[in-house]
Structure formats: C-alpha cells, structure tokens
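The two complexes that follow have subunit A in common; it is paired with subunit B in the first and with subunit C in the second.
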Partner chain A sequence: MRPSLRSLTDKFYTAFAIFAFLILIIPLLHIILSIIINGIKRLDLELITSPPKSLLGSGGGILHAIVGTAMVVFIAMLISLPLGFFVGLYLAEFAKGKFAHFLRTLISVLAGIPSIIAGVFAYTVIVVVYGFSALAGGFALGIIAIPYVARSTEEALGSVPMEIKEAGFSLGIERWKVVLFIDVGYAKSRIIAGFLLALARVIGETAPLLITILGGINIPSNIFSPANAIPLVIYQYALSPFRIWHNIAWSAALLLMIIVLVINLGVRYYLKIKAIY
Partner chain B sequence: MVSVLGKIIRALKKILRMDPLEGLSLFFSVILIVVVLLFMGSMVLYSLPVFEKFGIKFIVGTEWNPRKDIFGALPFVWGTFITSTIAIVFAVAISYGAAYFIVEIAPPKLREFLSSVIELIVAIPSVIIGLWGIFYVVPLVRDFLRPLFLPLSFIPFLSGETSGYSLMAAIIVLTLMITPISTSFVKNALESVPIELKEAAYALGATRYEVFKIVSKPLTRRAALAGIILAYGRAVGETMAVVMVVGNTPNISLSLFNPGYTLAAVIANEFLEATSVLHISALIALGVILFAWSLAVNALAILIMKRVRIS
Partner chain C sequence: MVNIKVQVEGLSVWYRDKQILRDICILIPEKKITAVMGPSGCGKTTFLKSLNRLIEIHEGFKVYGKVLLDGKNIYDPDVDPMDIRARIGMVFQKPNPFPHLSIYDNVVVGLKLRGITDKKYLDRIVRETLEKVGLWDEVKDRLRSSAAKLSGGQQQRLCIARALALNPEVLLLDEPTSALDPLAAAKIENLLVDLKKEYTIIIVTHNIQQAARISDYAAFLYMGRLIEFGETKDIFTNPKNELTEKYVEGKIG
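For the complex of A and B:
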C-alpha cells in the first residue's frame, strides 16, 4: 500500500517533535556537562576556605562570597518566612471573598515582577538610608521569596483532609489551636519543603544583589557592610579577562548548581516518599 | 456620619471578636499589602524627576547619554521587545514539539523522568546560563551562525558584522531559559485531555497527529497560552543571562547580529556608576516601564488562566 498523505503528515510531525525535543534537551545537557567539566578543576578546599588572592597564584577562593551569600539569604528568610507563612495561612484557613481574591492577585503580581525590580525597590528604601549592604540585598531577596513561601504554605495547608480538621473541631478545640497544631502539624513537611524551595530560588539570584550589596573582596563584618555573594562572584569573574578567574567562576557555578539541585531533588524525593505513606 | 461611625464600631467589634490566629495572619497580610504599595509608590516617586524633565520624550527618545544628562528609553524598549518576542516564538514552536514528544511518543516510563528533568532545568540560576552563554553561545554566534547566514545578509535582520555579543546571543540564551517553562505548561495541558475524547478520535481512524490537532490542541489552547504568556514575562524581565551576552550598546538596529541593550540589563549595568540624581531617576524610571510591562503580561496570563476549563 502506498503511504497516504495523512500518514506522511503524521510521520513528519513525529520527526518534528523528536527534533524539537532534542533542540530543547541537548543545550541543557551541554550546560550541565560544561559546568561540571570546567568547574571540577577548581572545586577544592581552597575555593571554599580562603578569600581571593592575587592573580599570580591560584586566585584563592570565594570564602567572602560564601559568607556574604549566607548572610543575605539568612536575612531574606528572616523577612519572607514569617510574612509568607502567615499570608499563606490566612489564605488557606481564613480569607474569604473579594479580599482573598485581591490577596491572591497581589501574590501573583509579586511573583511575576522581574527580580531586578526588587533590587531597585531595595535601593530606594534601604540603600539610600544605610548604603550598599548585605541588609539591602537580603531585603530584595526577601521580597522575591515572599510569594513562593505564601503559595507553598497555602497549597500545603489546602491539602489537609477535611476529616482531620473536623475531628479537631468536634473535640471543641478552638479554631486557632486546630489550625496551628492539627493543620500545620499535618502539613509540616510540605510547608518546610516550600521554605527550602524558596531558599533554592533566591540563593542563585544575582540581579538584585548587583545593585544592592556592591560586591568587593572583603568578608562582611556585619549586615550594614557591603558584601559579595556566590552568584555575583560568578558574574564578576566571568566578565574579567583572566583565565584564573574564569576557572573560579566555573567552580563557583558548579558549587551553586550543586546546592540548588540538591535542595530541589531532596525535596522532590522526600515528598514522594511521604506521598506513598 | 452616624452610619460611618457605626460601620467603624462594628468593624472594630468584629476584629476584637476575631480568632487570635486569624487576627495575626490578617495583620501580616495587611503588612504585605503595605509593602507592595510602598514598592510601587517609592519607584514612581524616584522616577518623577526624569518624567518631569523629559515627559513623553523619555519613552520615545532614542538617545541615552548619561554624561550629557540626556535620557531616552527607546533603545532599551526596542532591545527588550525584539529579544523577548523572537525568543517566545522559538519557545512556542519547540515546546509544542517537545511536549508532544513527551506525552505522545516517549515511553510512559520515561515520561515522568523527562518532565522532572525539564522542571529542574528551570531551577538553574540565570547567572550560570549567562556564564555558559559567554563561553559557548557568543563564539557560536561569531564563528558559526554569522558565516552560516552570510548568504542571507541582504535581509536587514541578518546583516552586518558581529563580535558575537549580540541580540542573537541574547535570543538564544532566552529561548533556552523560557522553553522549559512553556514546555512544562503545554505538557501538563496535553496530559489533562480526557482519554475518552482521544480514544473517540482514534476510533474514527484518526492518526496520532490528527488526534493532537483536532482534539488535544484546541482543548488545551487556553491553558497552554497562559503558560506561554508567563514564559514571555520571564523573557521580558530576565537580567543576568542577557546582560552577559547582549553586548550592552544602546542602539536601535534591525540586525540581530548587532549588539543591543535591554531595560533590565541597563539597570543592572549602570546603577552603581550612576552619580547624578537624574541618571538614577532615569534608571528607576526604566524600572517602572519594565514593572508596568511585566504587570500587563501577568495580568493577561491571570485573566486567561481564570477561564481555563480543563486543567
């Protein structure tokens, strides 16, 4: 039988689909492989334990940036966890009608704002007062993390079965105790997973830090001093003309990618295990 | 007057009788609203000086020269527009193909794995994509794509010399970053099509592609569109990957091989060097334009998402 035009069209689209998939997946594999291959060279103890050194030697490490990232992310979590958690809890348990709709829309808007804009905001309210500082960077990242925390908390609490809540109410327990001890207790692991994913999301943010923490090579002494961060070091070193610094940029990228992927995979694995039981 | 007072008293009574946890979480929600208002308010306030001085000329002006205090945003609006638009066109074509592959062609056992690989890719920080772009995409544009398209250089979009740092490089990097997002949405939408509908079409003798074309694609159009618009929003606001490869030159040129500049990129680049009040105000005003742009894009996505029936 001669293949009809219809089956030819079908075959053609199959070929296109395979081609499209390869176009998508091959560059992504290339990104991951090139980061591993270029980054493994300098992923050593010196990288994570020493500050930058002169170009004549190995170029030193990125300890200043690791301390800076820890500081900035800590501040971001300090801002976003309580705010995001309680807003998510309010949406899941209490909010009704137009106000709930308004709040959800607001969170969608916040989630869709380009991260650099959060940096501009942090500039206008923190940098102009305290100067370029870890605090300003942490504030910007905190703003970015809020919608993620709020959404994951709302989803986690929404997954609590009605029967469990009703069991609590039927015992005559007050509402806030039911929500806080029964609902939050039940959804605990998913809420924490949401926190971790928000952390993984902001730890790689670069753009807002670029205009708030200034960079530099010093280990920040407090939250009001300028700082550097792992993603910012990747940017600065990538643009430099020196090979030694390029190598450090690749290694810092590998380090960052490992952190982000470990958190993401860990959360996925952990939740899937939980879901079976 | 009395009724207003009564309303306030009733509201106060309601708050007093409120569950303590409800009160606490409402308090945090109000704080969030205040923060967002402060966010918009402070950005508009800081951008006022430049809008006062240039008016509409700030948006349509083609010259950006901080040393002479002349600020026109059009080169950046153009760069943002051309890179994000072309990237989303590529992304849509690739994601329909890739989603069709994952849902219809790939073995079911692999489907889950492929989906999570694509979702994990979205988690890679954009500065890492930018780093990769400098060392692999920029040379690719300079040494491979430029010679490849040389016979077509009579087309304005493909004319001129290139150092590799170009709109083209930015488009490639952006496409790679947003395609996993749109693919994920299209794939989820295709998976949500009821099997009965597909089987009915197969029973009539339709081929796999025809089932996709007649049943799955029309049914999932809205859900897929919402995801595509969200991906477009990402492309508009993406900063790091673009600033590292786009060439950072404020010109309005048709050729994709020329360097360009985007709104997000110029904010990232010039903020630390800006010393004059007007320069900082101009950069924040670019932020306001970008803010409004992504707000409009997201509003559109939310509107479409609301009307999604299958998902």
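For the complex of A and C:
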C-alpha cells in the first residue's frame, strides 16, 4: 500500500522537530562537555584553597575569587532580599489598578536592563565615592536581583489559595497579620526557592563586576577593598596568553557551573520535600 | 420560648451588578442548629459569609440591610469586623487547616495573632477544644507535627477546633461534610449536635437528609430568596410552599 499524504506529512514534521531539537542540544552539550573535559584537570583542592601563584610557576588557585564571589553575592542578597520581598508582597497583596500595573511594568523593565547598566550605576554611586570594592559589585548584582526576587515572591504569594486566606480572616485577624503570618508562612518554601534562584541568576554575572570590583589577585580583606570573582577570573584568565591560566579558567567555569547546578537541584529537592500540600 | 441570637433584616447582597440575595429576613434561635438548604448557586454561601462580614474581604460585593447579633447590627460603623469574626466562627466546605503550621498552632493561631501569648492558657485551650471535637486522643502525641498529615475528617474537626478556640458565640459551617467520606461526615454531624449545647450553629447544606437529621430549624433558599423558614419537622412534613415541598422531595436541586 502506498503511504498516504497524511502519514508523510506526519513523518516530515516529526523529522523536523527532531532536527530542531538537535540544533538546540548540540551546542549546549558541546559547551557542557568542553567545560567538563577541560576543567576537570585542574578542579583540585589547590584550586579552591589557594590564591594565585606567580605567573611563571604552575599551580595556584582561585581562592581570592571564591571569597570575592561569596562577599559580592552576600551583599547582593542583603540588598535584594528585603527590597524584592516587600515589593513582591506589595504587588501580590495590596497593589491594585493602575499603580500596580505601573509597578509591574517597572519591574519588567528593571529585569530587562542590560546588567552592565547596573554596573555603570554602581560605578557612579559607589566606586566614585569608595573606589573599586566588593560593596560596589554587590550593589550592582543586588539591583539585578531585585526584580527576580520581587517576581518570585509575588508568584509564590499568588499561589496561596483563597480558602487559606479566608480561614485567616475568619479568625478575626487583621489583614497585615493574615498576609505576614498566614500567606507568607504558607508560601515560605516557594519564596525561599525564589531567593535561591535569584542568587543562582546573579552569581555568574561578569559585566557589572568588571567596572565595580576591579579584579586583582588579593583576597579582599573587607567590603571596601577591591575583589575578584569567579566569573571575572574566567574572563581575565581566558583572555590571557598563558596556557596555565587557560586551564584555571576552564576549571573555574566548571566550578561555577557546579555551584549553579547544585543551587538549582537543591531548590528542586527542597520544594519536593516541602510539597506536603 | 427560644432566644433569638441572630436577626437578619432585609438583607440584600449584590455582586457587581448582579443581585445574589433578595431581602432576606430570618430569626436564628440561640443554641439550636439552623440549616440553610437550597440548590447550588442559590446564595447559601454568600448568605453565610454575610453573617460574619467575611464577604467584605472579597471585592465587588455590596451588602444592604441589617444583621443583628444580640440586637446590635454588625454592619454599624462603630463595629470592628475583626471582633465580629472572632465572635462568629466559621468552618469551610473544604477542610483548610494551615498546612505550614503544627496541629497545636492551628488551634491557637487565632488567639496568638490576636495577642494572647500566655502559654498555660494556650495549652489549656488546645486540650479543651481538641477534646471537644473528639480529636485529642488521636493527636495528643503529635501536636507539634504538621496539620497537613491528618486525614480529611480529622482536618475538618481541627478546623472546627480552630474556630472554637476563639470562644465564639455563633458557629457558621459551609457544607462542612461535602468533601468527606460518610463515616467522617457522621462524626461531624454528631459533633455538631453536641456543640449546640454551647453554641448557636448555622449550617449550610445541600444535603437534605443531613438537614433533616441534625437541624432544629431549617431555611430554604431559592434563587436568592428565602422561600420558607421554620422548625425542621414542619419544613419536612408540612411545607407551606410548593417549591419547598418539591425541594425536600428531591424534585429540584
């Protein structure tokens, strides 16, 4: 029997879908595999426990960048968590009408701003006053994280069922207490998950750090001193002419990838064990 | 002669431009079970939520008329809706304990958030109310574990305990057994008959048999109007209105 036109069309579109999928997946796999193959060599204890060595010697690590990233991300969270949380809370529970619409648009615009702009802003506000510092970098990443935290908080609170809110109100509890103790409590694990994903989002940011924390090889002693960060080290070492540095850049990329992966998988697992309702 | 606990006078409720309740007048006797029956969409739930001003947390509703609790209109401007909701407790159709709180905290969350922190008092209330709803023996060893782990029937009894913890005068129940299996439903029914010694109970149900079993007074609501109200035995054996008769015979609904 001759294949019908219908089954031919079906086969054609199936083949096309598989082809499109391959186009998408091959570069992704290529990136991941290259990072693993090239990065695994130097992903050792020395990488994460020692600062860089002199240029000509082999070995050395990126402890300075790990400490810098920790500092910068910590400052970013300190800025973005409270601000983003309350903006999200306001949007989910109190904002109505035109102003809410305006605020949501503003959040979307903020989320769409190129991250280098946040860096330039941090430069003019902080670097000009205090110099290149972990604080300036954290400030820039904080601005980038705010819309993510706000949105995920709003979504988490939006998922609280009406029955739960009604139950709260029916106990004669004021609105702000229902919001803070019932709604936020109910959505707690999703809000925390949103925080962590925002952290994973900004930890790999490079551009705004270029003009705020400067880089360098010293472990930052406080938030006002220049610092380095894992993505920045990747950028600087990858552009260098030295083979040894290239290897370290690959390993730093692998390390960063693992950190982001662990955060993402951790969030999934956390939500799963918390999914009692 | 029975005391009147709640007196509803000319209650009309609008949702945007649609009238949900039409000029309802009803006298709810104290420490009795009053059942509000009617087909889906007749306004039963809206009626119930108008009695503790819970309706006001939803947008788009307008309430006209009076609801007198011990002779005082709860919609008067000098009345705090929070106090009304504490005095008139409510239990919902779907068991809705707070899943992020422990069994203990579910019972006392209302008290705690209303500013009562005396641990001894809270402990006592937890024990008393859980005993009252027949849950104490089942959960006394795991008061600190999550309320979400209880069965549906247990959750609903916990919700009743949560409402009772505030020591209300009136208890509103919105089809409290419709999401439960028959055994769990029977437990709740028996519980309500027990509770009427202390509380005025208003229960919305579309289960005619349930109304016949447990209520002392029954109201029949149809398309936003109160068609008939009286002692349950009269409503079921000798209804005055043709619609009521059809409804209790199961011909409409």
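Everything below uses one rule, namely that the second predicted complex is superposed on the first by the 252 of 277 C-alpha atoms of A that agree within 3 Å, B and C clash if a C-alpha of one lies under 4 Å from a C-alpha of the other, contacts with A are read in each partner's own complex, and residues count from 1 in each chain.
The rule is simple: contacts are C-beta pairs under 8 Å (C-beta built on N, C-alpha and C of every residue); 3 or more make two chains touch, one makes a residue touch a chain.
From a predicted model like this one, the values you see are computed outputs, not experimental measurements.
Contact with subunit B, but none with subunit C, is seen for A:27 once the two complexes are overlaid on the shared chain. In the overlay built on the shared chain, the residue A:205 is in contact with subunit B alone; subunit C does not reach it. Contact with subunit C, but none with subunit B, is seen for A:188 once the two complexes are overlaid on the shared chain.
Using the contact criterion defined above for the overlaid structures, shared-chain residue A:63 touches neither subunit B nor subunit C, since it reaches no partner. When the two structures are aligned on the shared chain, A:217 is found in touch with neither subunit B nor subunit C. With both complexes placed on chain A, subunit A has more residues touched by B than by the other of subunit B and subunit C.
When the shared chain is aligned, subunit B comes close enough to touch A:265, but subunit C does not. Contacts of A:167 after superposition: subunit C is touched, whereas subunit B is not reached. By the document's definition of touching, neither partner reaches A:36: not subunit B, not subunit C. With the contact threshold set out at the top, residues 174 of subunit A are in contact with subunit B in one structure and with subunit C in the other.
On the side of subunit C, the complex with subunit A involves touching residues 52, 54, 57, 82-87, 89-90, 92, 94, 96-101, 109-110, 113-114, 146, 148-149, 159, 162-163, 166. Considering their complex, residues 19-22, 24-29, 31-33, 35-36, 38-39, 42-43, 45-46, 93-98, 100-102, 104-105, 116-118, 120-121, 123-132, 134-136, 176, 179-180, 183, 207-210, 212, 230, 233, 236-240, 244, 264, 267-268, 271-272, 283-284, 287, 290-291, 294-295, 297-298, 301-302 of subunit B touch subunit A. Taken in their complex, subunit A has these residues touching subunit C: 161, 163-174, 177, 181-182, 185-186, 188, 276-277. Residues of subunit A touching subunit B in their complex: 6-7, 9-10, 13-14, 16-21, 23-25, 27-28, 30-31, 34-35, 38, 82-83, 86-87, 89-91, 93-95, 103, 105-106, 108-110, 112-117, 119-121, 123-125, 143, 146, 150, 174-176, 179-180, 200-201, 203-207, 210-211, 214, 231, 234-235, 238-239, 246, 249-250, 253, 256-257, 260-261, 264-265, 268.
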